[in-house]
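Next up: the structures, one after another.
One chain, chain A, appears in both complexes that follow, with chain B as partner in the first and chain C in the second.
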Partner chain A sequence: MPASLAPVFEPGFFSSSPVHVALIVGGVVAAVSGVVGTFTVMRGQAFAGHSLADIGTAGGSAAFLIGISPLYGFVAMNLIAAGVMEMIGIRRPRGRDLATGIVLGAALGLAALFLYWDTTHSSTTGATINVLFGSIFELPSSLVPVIAVFSVVATGIVLLSYRPLLLSSLSPELASARGVPVRLVGIGYLVALAVAVSLSAVTIGAILSTALLIGPAATALRLTKRAGMAMVIAAAIGVAATWLGVLLAYDSYDWTTGHGWPVSFFVVTLVFAFYLVTDLSVGRLAGRRRLR
Partner chain B sequence: MDSAAVPGSPPILSVEGISVWLSGREILHDVDFRIEAGEFTGLIGSNGAGKTTLLRVILGLEAPASGRVLVNGRPRSPRNPLIGYVPQKIVLDPDMPLRARDLVALGLDGHRFGLPRRSTAQKALVEDMLDAVDASGFADARVGNLSGGEQQRVLIAHALISRPRLLLLDEPLANLDIRSEQEVVELVARIASEQQIAVLISAHDVNPLLPVMDRVVYVASGQVASGTTEEVVTTEALSRLYGHHVDVVHVNDRILVVAGHDTAVHHHSDSRAR
Partner chain C sequence: MFSGFMINAWEAATIVAVVAGVVGFFTVLRGSAFAAHALPNGAFAGAAGASLIGVNVIVGLGVFALLGALTIGGLGRRARQDVATALAIVMMLGLGALFLSMTTEYAPEIYSLLFGEVLGVSSSELLPTAAIGVVCIAVVFALYRPLLLSSVMPDAAEARGVSTQGMDLAFLIVIALATTMAVPVVGSLLIFSLLIGPPAAARSFTDTPPKAMGLSVVFALGTVWAAIAFSYVSNLPIGFFVGAISAFSYAAGRTWVAGRRTRPVPTDAVH
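== the complex of A and B ==
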């Protein structure tokens, strides 16, 4: 074990060291992504999830322009986008892709403009990289409480509406007959998704946040036939991939002198590896005897 | 005709003068019928006759242009615990991490917010319900991996666990082979009589339901005729309903409804008439 992991469990863990912040924030965000992502996969909203991340870049880059944390920009932009998508028609399966695509296109145009201004006007060349690929080692520790609040909101919505959400994800028809306010539950979920995606966008980046949202959840669904357990497994896989990714990225400073590799690369690669290993082993099992 | 009715008690379902317009077209016109407590009723009509729309109005998922639906003598409330519902052809994703027993349990508390905490009594009720529909053998299988007949039984348990007094089933026999068809009909009839539940079951063919049906509600041309099979499924009554001549023919205990003067035939599969 590298010495860099030794202080993890010591007092001062919540202090300002970038590694500590990265481990705390990364772990929390990965867990939230796992919980929320399980329903993203079950509801077939992966496109909406990915689009929200891309849409958020408009907010993230705008936040850079005015000098506040991109997190606020991401959350604000994603909530607006989620609202517009809902109004255009995310309820109908086909209208959903249409609504998502339309909002995505418009927001990416804005993102292009803001990112251009970020580089020209304020000469912050890091803005594009930060927004698109994350900045887990540069997060100020003052942001930790904010991230905690957003995490509680996103996870809280999913956990508190767990049963109505599960039933309406299975069949909106069955759910509304049972008295579930299907539309309200769907809107609530979209808010949770918008927040979760914003959180992972500031850690591993807007472009890569889909990997953390979908990958661990898709892996979990291969491993269990219980929705609650799937959320736990997805969260665990996400946290493991993120912590290992942070560790490897930190170590990578020694691989090539002075230049560490991006955390996002390691996290996403690990998530993909988890899925591949699971898929191959479960697939082989299923080949031998049909799993029900 | 209202053999199961307790004198003085209101009918469990009373549909009064219901008209429904969808996208500028009148789907149902002035539909009237009632179902007494514990009665087994078949809602018969060809595809597109308006059976699903009628069920959706009864459930409160569709608003009628006029008329009203009374459940147990009272206006229907949006979340009516007196009604259980098994929708038509729902596609259950095989990747969905949900076991048969989870779906049955969601029939009990799927509308409730907050973290699920199920009592021992509720868990026992889920077991009883799985038992009642002969689903214990595959209770731990993913619902999406079950056969059509097995899914149908789990959905019936999901609808019945909240102890409704009226069970609506939308085309539960569609896409089933003849054996599963008979199994589902017998199962529903058995549970309905054991638990004193009225049943309204939609089908395009009257024959599979003949052995168990107390009453038939026949839908055609946006209107209905209701009564016993002997009263409704006759040449006179159905000709009046369709607005042109149809022949009702009894062949080897089967009932065939044949359009007169043209070649359209409502094909009915075999079953025993009473």
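== the complex of A and C ==
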């Protein structure tokens, strides 16, 4: 590595194995979130996408209690929650937020109970923090095969049902007139969302899960109206923000003595900045066009 | 159950339930469930920041809740509200993660900010809670008519000169006030459940706005009182009971509506 890059890439960045895992897993998760998130934004299900990350906490903390990997608890809980949301009316635009809110409230109540038991009945005092904030630098490499399977399932569902999903997201009436099973496609999409959010929440934490699901996709959809293109741009923005965030977090060990700044702070700030810059410049361009 | 330190818990929970019942009626009517989740949850970053620089937690909560409301309102002008809300909550939580990494707060402290510690409310915390609660309810009643009109018929409201965007922002600020009032005493989870569950259940039983609002306050009071009693007897966290009772009352409301629909009713009476 040329010496001129030393201030950017702190010594040891490329040889540290937690950094390798963080870059690979973070990159994969960000790409999956971008692909799945494009439809989350188009379908107006950002609240559901965010809620699943919190709802999974109930499953994750229950998994801690019985001593299995939180990932399985997360997925099981999220699939159940997605099913209940579908049942009580996430399809109707007016009932969407309410259905999500009711399920979220009940699940957070369960999470309060399980986390309470986690801290009183066992010695895992760190369970709350671990489940809520997860850390990209503390990933066990045994999770890698599971992450691969989940990524394939989530992106597989979205890509296989791409055309009917796109049509039913843009216009449910037109889709059902053309014989698309709109409800089935919607359920399939919720499963993909539940799997993708479980994956991201367990590996990189609930905060980053929502940030990477919604931020890059919303930015991409401001830049292009074509869904396929938006998915590619969203994945690219997500991966760039994650890698840059990991780099900055690694470098930050030298900024303040004793400890580094959290990765989630950097990634969220980058995602937010990407969106804001795009929003302002696209808005200004549109304003200029209108004047002409 | 009604002795000494428990009195503060009953009083705090009663104030919070009345405010949540009133504000929650509009939250459900306007479909603002995401904002009602995002502001209390994200404002917790403000509490973490306040303890970092050594100011009162309520100040930190208030500043962050207000900034969050303005961010959602500002971004929501050009994007969908749910996207704006998602971006606002992750930015607030990201800052929260940064503040937490800099403090030496121990895990149980964070747990109590998120899930509340209603049994540990002190008398000095009651006064600000009550004061902000009164302001919050006063704002809702002052804006009652335009708020109702813009929630139910946005087009008619615009025609009468009521700005939809203005009402959106005003209501976000009301949620921010409710957040500041409730989070220090009951935590962000509990205030969210109370803003959604009881009002949603109340709406199943009546369509008249004032009745629905009154019923929503009654349900919210019933929910917190029962939750405190159960929590006291069983020693389990109060948040669990509030979540469970809210979900059950919503399910009961839905069942009641479904039961009524099976009877022969003129089609125009069913919406």
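One rule holds for everything that comes next: the second predicted complex is superposed on the first by the 270 of 292 C-alpha atoms of A that agree within 3 Å, B and C clash if a C-alpha of one lies under 4 Å from a C-alpha of the other, contacts with A are read in each partner's own complex, and residues count from 1 in each chain.
One rule holds in what follows: contacts are C-beta pairs under 8 Å (C-beta built on N, C-alpha and C of every residue); 3 or more make two chains touch, one makes a residue touch a chain.
Predicted model, so just to flag it, every value in this text is computed and none were measured.
With the two structures aligned on chain A, chain B fits next to chain C without clashing. Contacts of A:M85 after superposition: neither chain B nor chain C is touched. Residue contacts after overlaying the shared chain place A:W261 against chain C, while chain B stays out of touching range.
By the touch criterion defined above, A:G105 lies against chain C but remains apart from chain B after alignment on the C-alpha atoms of chain A.
Judged by the touch definition given at the top, the superposed model places A:I204 against neither chain B nor chain C. Considering which of chain B and chain C touches more of chain A, the answer is C.
Vertex at the C-alpha centre of chain A, arms toward the centres of chain B and chain C: the angle is 80 degrees, rounded to a multiple of 10. Contacts of A:G179 after superposition on the shared chain: chain B is touched, whereas chain C is not. Of the two partner chains placed by the overlay, only chain C lies in contact with A:L113; chain B stays clear of it. When both complexes are overlaid on chain A, the residue A:T224 reaches chain B alone and has no touch with chain C.
Of all Cα pairs spanning chain B and chain C in the superposition, the closest are 6 Å apart. Overlaid on A, the two complexes show chain B and chain C touching the same residues of chain A, namely 41.
Interface residues of chain C facing chain A in the complex, by the touch rule stated above, are 28, 31-34, 36-37, 75, 78-80, 82-83, 85-87, 89-91, 93-95, 97-98, 100-102, 107-108, 110-111, 114-115, 189, 192-193, 196-197, 200, 236-237, 239-244, 246-247, 250, 254. The residues of chain B lying in touch with chain A in their complex are 59, 61, 78-80, 83, 85, 87, 90, 92-93, 95-99, 102-103, 106-107, 109-116, 138, 140-143, 145-146, 155, 158. Those residues of chain A that touch chain B in the complex are listed here as 38, 41-42, 159-164, 166-167, 169-171, 173-180, 220-221, 224-230, 292. Residues 41, 44-47, 49-51, 88, 94, 96-98, 100-102, 104-110, 112-113, 115-116, 119, 125-126, 128-129, 132-133, 207-208, 210-211, 213-215, 218, 222, 256, 259-262, 264-265, 267-269, 271-272, 275, 279, 283 of chain A are the ones touching chain C in the complex.
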